[in-house]
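Here come two complexes built around chain A, the first alongside chain B, the second alongside chain C.
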Partner chain A sequence: MDLSYRKRLFILLLSICLLAGGGLLFKKLLVPKSFGVYGPYRADAIAEAALVPVRHGTNNSCFKCHPYEAKIHKKGLHQTISCESCHGTYADHVAEGKKIGTLPVKKEKEITTLCLKCHNTEIKARSEEVIKTVAMPNHLKDQKVKLTHNCNQCHHVHAPLKYIIRAKQITGLMEAGS
Partner chain B sequence: MKRRSFIKKVLNGTIAGSLYLVWPMGGEGIQIPEQIPGIMGKEYDILNQEFAFIVDVTRCIGCGSCCVADKREYNVPDGNYRTWVERYVKGFSDKIYVDSPNGGLDGYQHPRKDIDEKIRDTFFVPKLCNMCKEAPCVQVCPVGATFKSPDGFILVDEKRCVGCAYCLQACPYSARFLHPDKKVAQKCTWCYQRVRKGLLPACVQVCPTKARKFGSMKDETSEVYKILKGPGVLTVLKKEMGTFPALYYKGARREVI
Partner chain C sequence: MDAVHSPTAMLISNFVFPNDLHVHWSMMIVLYPYITGLVDGAFIIAALYYLFDVKSLKPVARFSLLFALAFLCCATLPLLLHLGRPERNFNMLLTPSPSSAMAGFGYIYAVSMGVLVFIVLFVYRPDLVELRATSKGWLQLLYRALTFDSIDLSKKALALDRKIIRFLVGIGIPIAVVLHGYVGFIFGGVKANPTWSTPLMPVIFLFSACVSGISAIILAYIVIRKVKGRSIDHACIKTCIKTLTLFFILAFTFEMLEVFSHSYLKSGYHHMVEGLLNGPLASSFWLWQVKICSVIPLFILGVMAMVTIKNYIYNFTAAVVSAILLLQVLIMRWNVVIGGQLMSKSARGYTQFHPEWFDKEGILAVIIVMTIPFIILFVLSKIFPFWAADSETNVK
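Then we have the complex of A and B:
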């Protein structure tokens, strides 16, 4: 093939243009949208991470429909405990303002197990300043009750000293209001 | 003022006012008052945010509420943990025993029976993503799926992740796992979606003893700002790695790694 200098130059320039164009096109097709806005990653992923559904509410979201429990819970020593820790997640119970499921309520021996999750004195890592712990079954013996008793037979689960204080007031062991 | 326009204005005011009090969350219909001031109902300035997480080891009672909340918030598959609680036991021979049965999900019901020597010290250490300022996991990701967002969160782009698990090896804190079904790397995000809505991370919210604290460093009235500014001793895990975590520990002994 005998080509003139001009034609050779033209073919060279055309191929360079095609290669560069193809490269740019591939880059545009392969690099995801919003890549590199803040850094070498897809900036849209931040917005997507913010869209993950929120499943836990707060105690206030529960108190809105459960005023009776709210009144007791807010006054008791257990006020810092989240409702959802024991009962389950808000999103399993309410969706779009409507009840969609029943959350479990712990019963009998389950309650004792739940209490001892935090209040077992055998676990020495618990600071006395943070939590009051008991040894089982010594606590039942000391309080002179049956060894088969569950914690909630003396302690209200939402306000553990509610009945204890009331009982002491009635029996005169404690001045009313103190 | 005409009666019609007056009623209109009053109605508008009431609606606007109630919007400030509660913020509807997505399509979920959960309405919660804000927990991190200055985020809810405002334009989120992503370039001007800084958050810190403080774990107070002296207050942790190992109840496992945080682990349970975390599992429920994200439906974390069994055997994987975005956050977990470790039990440290130090004997008089200075030997360290660490265990974390089921990541602390069931709480700590029984003491360890396999230790023969006398115990000198024992404590719980909650673990989660350290949100390093120089994150090794971000550095190793070959596809740019793990990144540090401008507001300081290390996040995983699940659409980009190819599940090569380099980041799992790179993380000095073992905070990552490979989702068994999705085959993508997952980790604690400090509940990014909650923070963006002005809510506390789920684990912080359920902690009954306030052992976990979270807040904005741009807000000078926040608890974490005051603690970090104050004289108390705070440590980070594996400082020698040069990762500069945004997760600080209060009262953590030297043995904690």
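Then we have the complex of A and C:
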């Protein structure tokens, strides 16, 4: 092609404009149709999210079949804690009202590890007034128990102070009902 | 259980929210403003020559354009490495939202890349036309494409080129300023972080960007010319140092003004910012950024401006002061990005940052990311010659 330099530059400029226009067209093609109907997101995503099966239950879902644990849990300091936060997902245990699997039960050292997820002094998230935190093994030393003790040997996992209060009542260290 | 009792955990002071223990924006986010800053500063040098006719900068003008291009190619690399799903950045660009500051950066970046590429092509056109005549095979094909398949080097065509270059550099300056000012704005726009959330942030970032870019050009020019055994243009170095001095005075003054306004206004989270600068950042901010890498270079630059020094000592000092200032800007980015995240939203405690060697955003990754622009620069040097053929004639 025998074009003058000016003409070549004009073609270049035209190509840049075409490229930019093409980019806009490409953008239009790639943006999902339902985008922006309600806001800067895909409106279809709402319907799609609604189709995702529900995996979690509430504490009341668990209490229906576990009345004994329910009775203790509702009275204890852990009453606001979700069953699933320690035991696992509801959907792995129950489907359509029937038991489909057993949730793993924490044993021995696993229990201590689980408790320390919230009760470790190193987690400086909340004040002592909100959540009791301890440093291990100092807590065991302070309480004059063996360093091999697990948390659940003194604390009931559903109502942490259940045994402690009872023991104090029995030994007379604490007045009944306080 | 052992991890929480390790010395690492014990360094955390007071009252830190669990989601603030970990520094989420780590070293890749330190590199991001650093690399874009280098681009900006290098572009300023080129702009001074091509738009403001500062003739003494001729020896480094073309080189600084290529330097800017090599680093601009890698400007988004640290961001993409930081992301868990880097391919999703296209979603952000396809459906930009006014509430997404990052999408804006994507567009500004794309425009500045386009402008810079065309500046390089028009600046190099006479050389590329010559190289096209002497090259063969695929290289000739490449040169044909890069010269828009035209060998017209008539006076008229070159005059048109000069006009186009002036126009592109003219729009390139606001784009470059917006590009880096925007990086500062991205940090300044984080309302939740009291050290970042200040309108001074874009200004500080912009001036320190100019400092780092100009320093990089001075250092790279001196090192490459020395290694290649070629002469160094003293007038050029002198102009670069003068420009660097101006930008460094502005950058350092604004950095200190920010600290001063925090401590004078004693606004909301002042106690946290003060505690941060005098606690976890006492060494990296006051000792390294301010005393070693700012006060010392300021003194050296003052001496260079006021005392007559022999050329070779002046050039050597220029290289040293540039190296220190490159470090200053890197430390400044570190103190802003990492330092800003060391205080918890609880406004009561500070966390610690421990760089890892082999982490996705670790020290090795940083070294690799910083090496890539130099590899690109090397490849570019094979296509676009750094130095003009007549550059040896102006040498003193």
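In this section, the second predicted complex is superposed on the first by the 132 of 178 C-alpha atoms of A that agree within 3 Å, B and C clash if a C-alpha of one lies under 4 Å from a C-alpha of the other, contacts with A are read in each partner's own complex, and residues count from 1 in each chain.
To be clear about the criterion, a residue touches a chain if its C-beta (ideal position, glycine included) is under 8 Å from a C-beta of that chain, and two chains touch if they have at least 3 such contacts.
These numbers come from a predicted model, not from an experiment.
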Given the touch rule stated above, what does A:Glu96 touch, chain B (first), chain C (second), both, or neither?
-> first
Regarding the shared-chain residue A:Pro40, is it in contact with chain B (first), chain C (second), both, or neither?
-> both
Could you tell me if A:Leu12 is touching chain B, chain C, both of them or neither one (first, second, both, neither)?
-> second
Counting only touches as set out at the top, which of chain B and chain C does A:Val54 meet: first, second, both, neither?
-> first
For A:Asn120, decide between first (touching chain B), second (touching chain C), both and neither.
-> both
Is A:Gly88 contacted by the first partner chain B, the second partner chain C, both or neither?
-> first
Of the two partner chains, chain B (first) and chain C (second), which one does A:Leu30 touch, if any: first, second, both, or neither?
-> second
Once the structures are superposed on A, label A:Leu147 by its partner contacts, choosing first (chain B), second (chain C), both or neither.
-> neither
Tell me which of chain B and chain C touches more residues of chain A.
-> B
Chain A residues where the chain B and chain C footprints coincide 35, 40, 113, 116, 120, 122-125
Chain B residues touching chain A - in the complex, by the definition given at the top | 25-33, 35, 46, 58-65, 68-69, 72-74, 87-88, 106-111, 119, 122-124, 144-150, 153, 155, 157, 159-160, 189, 192-194, 196-197, 199, 202, 205-206, 208-210
Chain C to chain A touching residues, read off their complex | 1, 4-5, 9-10, 12, 14-18, 94-95, 97, 99, 114, 148-150, 152, 154, 157, 160, 164, 346, 349
So in the complex, which bits of chain A are touching chain B?
-> 32, 35, 38-42, 45-46, 48-58, 60-61, 78, 80-82, 84-85, 88-91, 94-97, 113, 116-118, 120, 122-127, 130-131
Tell me, which parts of chain A touch chain C in their complex?
-> 1, 3-6, 8-9, 12, 16, 27, 30-31, 35-36, 40, 112-113, 116, 120, 122-125, 136
